[in-house]
Amino acid sequence: MRLLLVNPNTSASITDLVVSAAREFAAPGTTIAGATGRFGARYIATRAAAAVAAHATLDAYAEHARGADVVVLACFGDPGLAGLKELAHQPVVGMAEAACYYAATLGRRFGIVTGGARWGPMLEEFVRSIGLSERLAGIKTVAPSGADIARDPERAHAMLVDASNALVEECEADSVILGGAGLARIAARIAERVSVPLIDSVGAAVKAAEALGNLGPSKARVGSFAQTPAVETVGLAAALAARMEGR
Amino acid sequence: MRLLLVNPNTSASITDLVVSAAREFAAPGTTIAGATGRFGARYIATRAAAAVAAHATLDAYAEHARGADVVVLACFGDPGLAGLKELAHQPVVGMAEAACYYAATLGRRFGIVTGGARWGPMLEEFVRSIGLSERLAGIKTVAPSGADIARDPERAHAMLVDASNALVEECEADSVILGGAGLARIAARIAERVSVPLIDSVGAAVKAAEALGNLGPSKARVGSFAQTPAVETVGLAAALAARMEGR
Amino acid sequence: MRLLLVNPNTSASITDLVVSAAREFAAPGTTIAGATGRFGARYIATRAAAAVAAHATLDAYAEHARGADVVVLACFGDPGLAGLKELAHQPVVGMAEAACYYAATLGRRFGIVTGGARWGPMLEEFVRSIGLSERLAGIKTVAPSGADIARDPERAHAMLVDASNALVEECEADSVILGGAGLARIAARIAERVSVPLIDSVGAAVKAAEALGNLGPSKARVGSFAQTPAVETVGLAAALAARMEGR
Amino acid sequence: MRLLLVNPNTSASITDLVVSAAREFAAPGTTIAGATGRFGARYIATRAAAAVAAHATLDAYAEHARGADVVVLACFGDPGLAGLKELAHQPVVGMAEAACYYAATLGRRFGIVTGGARWGPMLEEFVRSIGLSERLAGIKTVAPSGADIARDPERAHAMLVDASNALVEECEADSVILGGAGLARIAARIAERVSVPLIDSVGAAVKAAEALGNLGPSKARVGSFAQTPAVETVGLAAALAARMEGR
Amino acid sequence: MRLLLVNPNTSASITDLVVSAAREFAAPGTTIAGATGRFGARYIATRAAAAVAAHATLDAYAEHARGADVVVLACFGDPGLAGLKELAHQPVVGMAEAACYYAATLGRRFGIVTGGARWGPMLEEFVRSIGLSERLAGIKTVAPSGADIARDPERAHAMLVDASNALVEECEADSVILGGAGLARIAARIAERVSVPLIDSVGAAVKAAEALGNLGPSKARVGSFAQTPAVETVGLAAALAARMEGR
Amino acid sequence: MRLLLVNPNTSASITDLVVSAAREFAAPGTTIAGATGRFGARYIATRAAAAVAAHATLDAYAEHARGADVVVLACFGDPGLAGLKELAHQPVVGMAEAACYYAATLGRRFGIVTGGARWGPMLEEFVRSIGLSERLAGIKTVAPSGADIARDPERAHAMLVDASNALVEECEADSVILGGAGLARIAARIAERVSVPLIDSVGAAVKAAEALGNLGPSKARVGSFAQTPAVETVGLAAALAARMEGR
């Protein structure tokens, strides 16, 4: 099974990070390819950057879709998710979406820890948009950049442990998602210091994608996720234009 | 007061239509300028096209923002609204947003009539995203394109009258929004044939924009709608890049 | 355009205050008249007083309705709003209603600051009744009476600044409404000391009323806001009796 | 135990009807007195009439409160309920409130049948205001007046049976409330023809009131239902003024 | 009227406690019998124990149903409530259910105090399941066992007073339920030290049961609470098997 | 990886059916064992039977838990799910739970088709209990038993196709779950005749279980899903008693 990880952050290093983490979680026989957004923020951390990223997601998908069995929107917060599900021939899953549904099976309420203050309200809106607000215990954002984490991992780990346990103690979280490529593979390292299960959003996404690949749902033939009708476009990259124009 | 109408549909004719309709509603002293999306669908009617449009909205805003007092996102469904509110120095209002809040003052439940079948679920999600689902009676979409309407206006009017009255009779709508540039100025013409008030979404947006211009709210200095922190970007048009990078 | 401000507080001085504030916000050509409740509490601050005020609202409207183009229910909390919308021939908007919808366009969540402890739960119920609870960050009530404010404005201002900033910091408010006639015109004076936009409820109501006056929605001919059927009454003032009895 | 039934409909005949029905449901030792609204609609069937009725409820209560152990707001729809709970020294229950909570124990969803078309949306709002919307299957209103029912009871019964069974078949109601004084004592007569339990709103209210009388809850000393602080009033009847002014 | 109190806690002493408390609240002419669960936890305090208790509830009911007019599920949290309502020929009410609906009539929001930490989330889920979450102020659980309370009542009372007042001050509770057999009869003793009405869940249940007995609702003949169709079973006690198999 | 499928229906033939279907979906290396409920209904189709089944679920789990890596509650509707998650040392997933979360990734709204009329409201309550009501398009139940299906599969398939397409056309379902062991393996056979993706609940459960097995979440050490504290029990089977008593 070939998974395509679309990363609308315009940093190849983040794509490398998420692809490499994904490979650790993949089943034997699953191959992972990555596609990086061609335009927009190096690191998506604002509402405006997320809006641009939705386009970059579709653009990167159209360019790299060939040969993929399943598509993962590999940016926690899932910018462009609904449009991608409509546009893609393959099944699609978002990294935040997958992590939230997985977390919801581990208890009553889940918390989210991620980097970047604006992702707090943006993720709260995302969880509401997938109808799961009742299950959300709360969200804590931490400040350090990936570079900071690389420089002083133990300090970053301590911060994540504290944020996770705060969600447990203050908000009755029964599980906590560590969201985003930057936090991939940390869950396993700090799990013992947090009193509820920690969820690696990359791992959750890979498993959800493999389930899609194995179960092989058909594409809806009616409704707002059916194959998009051809529309005339201007100014788009050739691959995206071709797909939207039904060529 | 100078209003900038940002139309992410990449058809200058739609921009002309909405600008010209807006001028009919504008107060003396209000001037209206339009900006057309540079890339994306000629007419936004799918989830994928709406995702691209959010970027086109920011791009067109950045290019044309200078001199505007208030910005109207002049595409019913408001793609990119939150990002635009974050990015813009000026107050911003969306056409669907304005119409919904206005409609909500006219009774208990409002309905929406617009063109294009996928806008049904997309607008249902939009109304949920602004927290107003309890007030939504229902949505009816009609098929004809703007060209159809131009060719045979009476037939189109009959269809809109029927959809509006159906929302009243089946869903207890107390008012009905005719949403979108294509339906501008029709409300006044068919009002007598519908048993509840009809709302012209362009008119509602112009009045909401003028209110913003007159009341002059400050820009939030904290929170997720405050001036966006500078982020490094790639591949964006110069004006949008400059604004996102804080230059 | 002639606006009628109905103030069910039975204090002409409050009516004068709200009328005079409204004139500052009104467009050229808008004239403002006030009507004061004839019975009930001098200052509405309890559930019982609000219940009486709903009647006083209708009574004052019926007595002063002639010649008005739009009616503003000029008591923050809007007692009698639904009945007034049903009864009035003209469009009607409530001061709290207008401020909440306006605030909702300025970010994700809005807060409310007003005077009188019981207005806390009463306004929470009001916001729920208009279906906007998801958008409400929180409510803070302050103690000082209008007289207190007049005597020591700076102290009152400091209290309002603190309450507003608390809503931002504790509840993630993206904007804050200063609700009520007593707080009119204060928003402009303390805006610089609060980190999100402050909303003057009188200003929001005047702009919403002018929009109604300009857009001129028809009166619903069916549904629960249509012209009320004639009902037989007893013991009412002549003007209200005449209107309810369809004379 | 002495129950006071406050009927804000200004028709003594309706008060007599509800008092007489209540006596049939009352336990030995329970005495029932009635108080009729002094002003407002003969029969409350509009939003405006309900607004006036909230005042009439408090007025009638204040005049007749002495000696009552428990107060029943005996108008289905409960106009003025929150204000009355605040104002009264005694425990208070509304007829619609009591019937809804009782109905909720008889299954998953309850329906409501009552007279007068506007009560449909008004009761839907009432049920929402008590937080019970999830449990509401639907509401059907029937046209006939009390006089009609008296003239041709069998025809009215058939109409009520049909409306009740429609709520079962179309809306999955597990029980149906026959709401209002006009429908009192009919439930028992038509129960065999309806496939789910029928609830007499007068009976439910009497039993809820007796429960309050037996359990004797204290009056809250804090919060928005505590004894109302004294407020200065004008233009009210002496008894209501005295109570609101704390005299 | 004969009430059967089904206590799925497998401790006859708890049954004795709740029966004896119930008798204090019962009207003259009401007789109270108790039935104790035959299997499961001595004291239900976990999700697993509650799951077993739902079966024990049906089992004890089937064994002791004969002659009862009304059934009370006398374990606060009401395990097996929906199944019991389906299975029983008589009207059924749960102790938590009855207390919540009663509490909802005493103000806007009610709180719950009970023993056992896991009952916090379990009761939050219960309140959601009956559609009353909007009315729930919060839940506080206290640690002491019944034995502890017996040994040092004053210390337990102080703890309950503190928890109750905390719900008032932190969560704006307008009333507080003392939930469970172990807390029966304490409300009356500590009421003066709590600033809002305290509700004895046993008392609320007895009054709700008597209302059911007096009003005598029929059994639904359709829907998911109608008499259960006969199903083939294995391994059940004879009485329960007979009832489920329709013998 | 060893999956234990707990089937609280007390029919070994249903267990065989679900185990055999599960094996078709299982990855290489996944082994499937089944455990059948020892008491309760042969086929769970009522609220009472579901209440008993929750106990049977725990009982069967306790008897067969040894050696399992992940536990699947293999009865669509998931009776006893929360208790099992609390009690089990291993990760647990329910068949309905897994199918609903999976379905939610395939569009906006999902529908459910299953057998047995009472499962309609019971599953609606289940979906609400997992906080996913906003995503539920609707539920259709069909009448035929498994025996019927075996006798005349084409007729049963036609019925399932019709029910699925009705959910698409009437309720805007973007995907449809065929829920339950009796409907296992049918999705693949009728997929071409339904216009949206069909979900096999057994397949969804197996993939969710494998994800749990691969990701290996820890057991919460705090909260209401942590290892249950030891409680004293009576009358339980030895294995369940041992687990609940912490032996």
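As written, the chain order gives the labels A, B, C, D, E and F, with residue 1 at the start of each chain.
We adopt the following convention: contacts are C-beta pairs under 8 Å (C-beta built on N, C-alpha and C of every residue); 3 or more make two chains touch, one makes a residue touch a chain.
What you see is a predicted model; the values in this text were computed from it and never measured.
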Mutual neighbours - chains that touch chain B and chain F alike: A, D
Of D-E and B-D, pair with higher C-beta contact tally: D-E
Centre distance in Å when chain C and chain E are each reduced to the mean of their C-alpha atoms: 44
Whole-Å gap separating chain C and chain D, where each centre is the average of the chain's CA atoms: 29
Centroid distance [mean C-alpha coordinates] between chain E and chain B, Å: 52
Set of chain B residues in contact with two or more other chains: 85, 108, 121, 125, 128, 134, 172, 223-225
Chain pairs that touch, as defined at the top of this document: A-B, A-C, A-E, A-F, B-C, B-D, B-F, C-D, C-E, D-E, D-F, E-F
Contacting residues of chain F [partner chain D, same complex]: 121, 125, 128
Partner chain E, residues of chain D touching it in the complex: 25, 27, 85, 91, 93, 97-98, 101-102, 104-108, 130-135, 168, 172-175, 191, 195-200, 203-204, 207-208, 210-212, 214-215, 217-225
In the complex, chain B residues that touch chain A: 10, 38-43, 45-52, 54-58, 80, 82-87, 117-118, 120-122, 125, 128-129, 223-225, 228-229, 231-236, 240, 244
Chain D residues within the chain F interface of the complex: 108, 134, 172
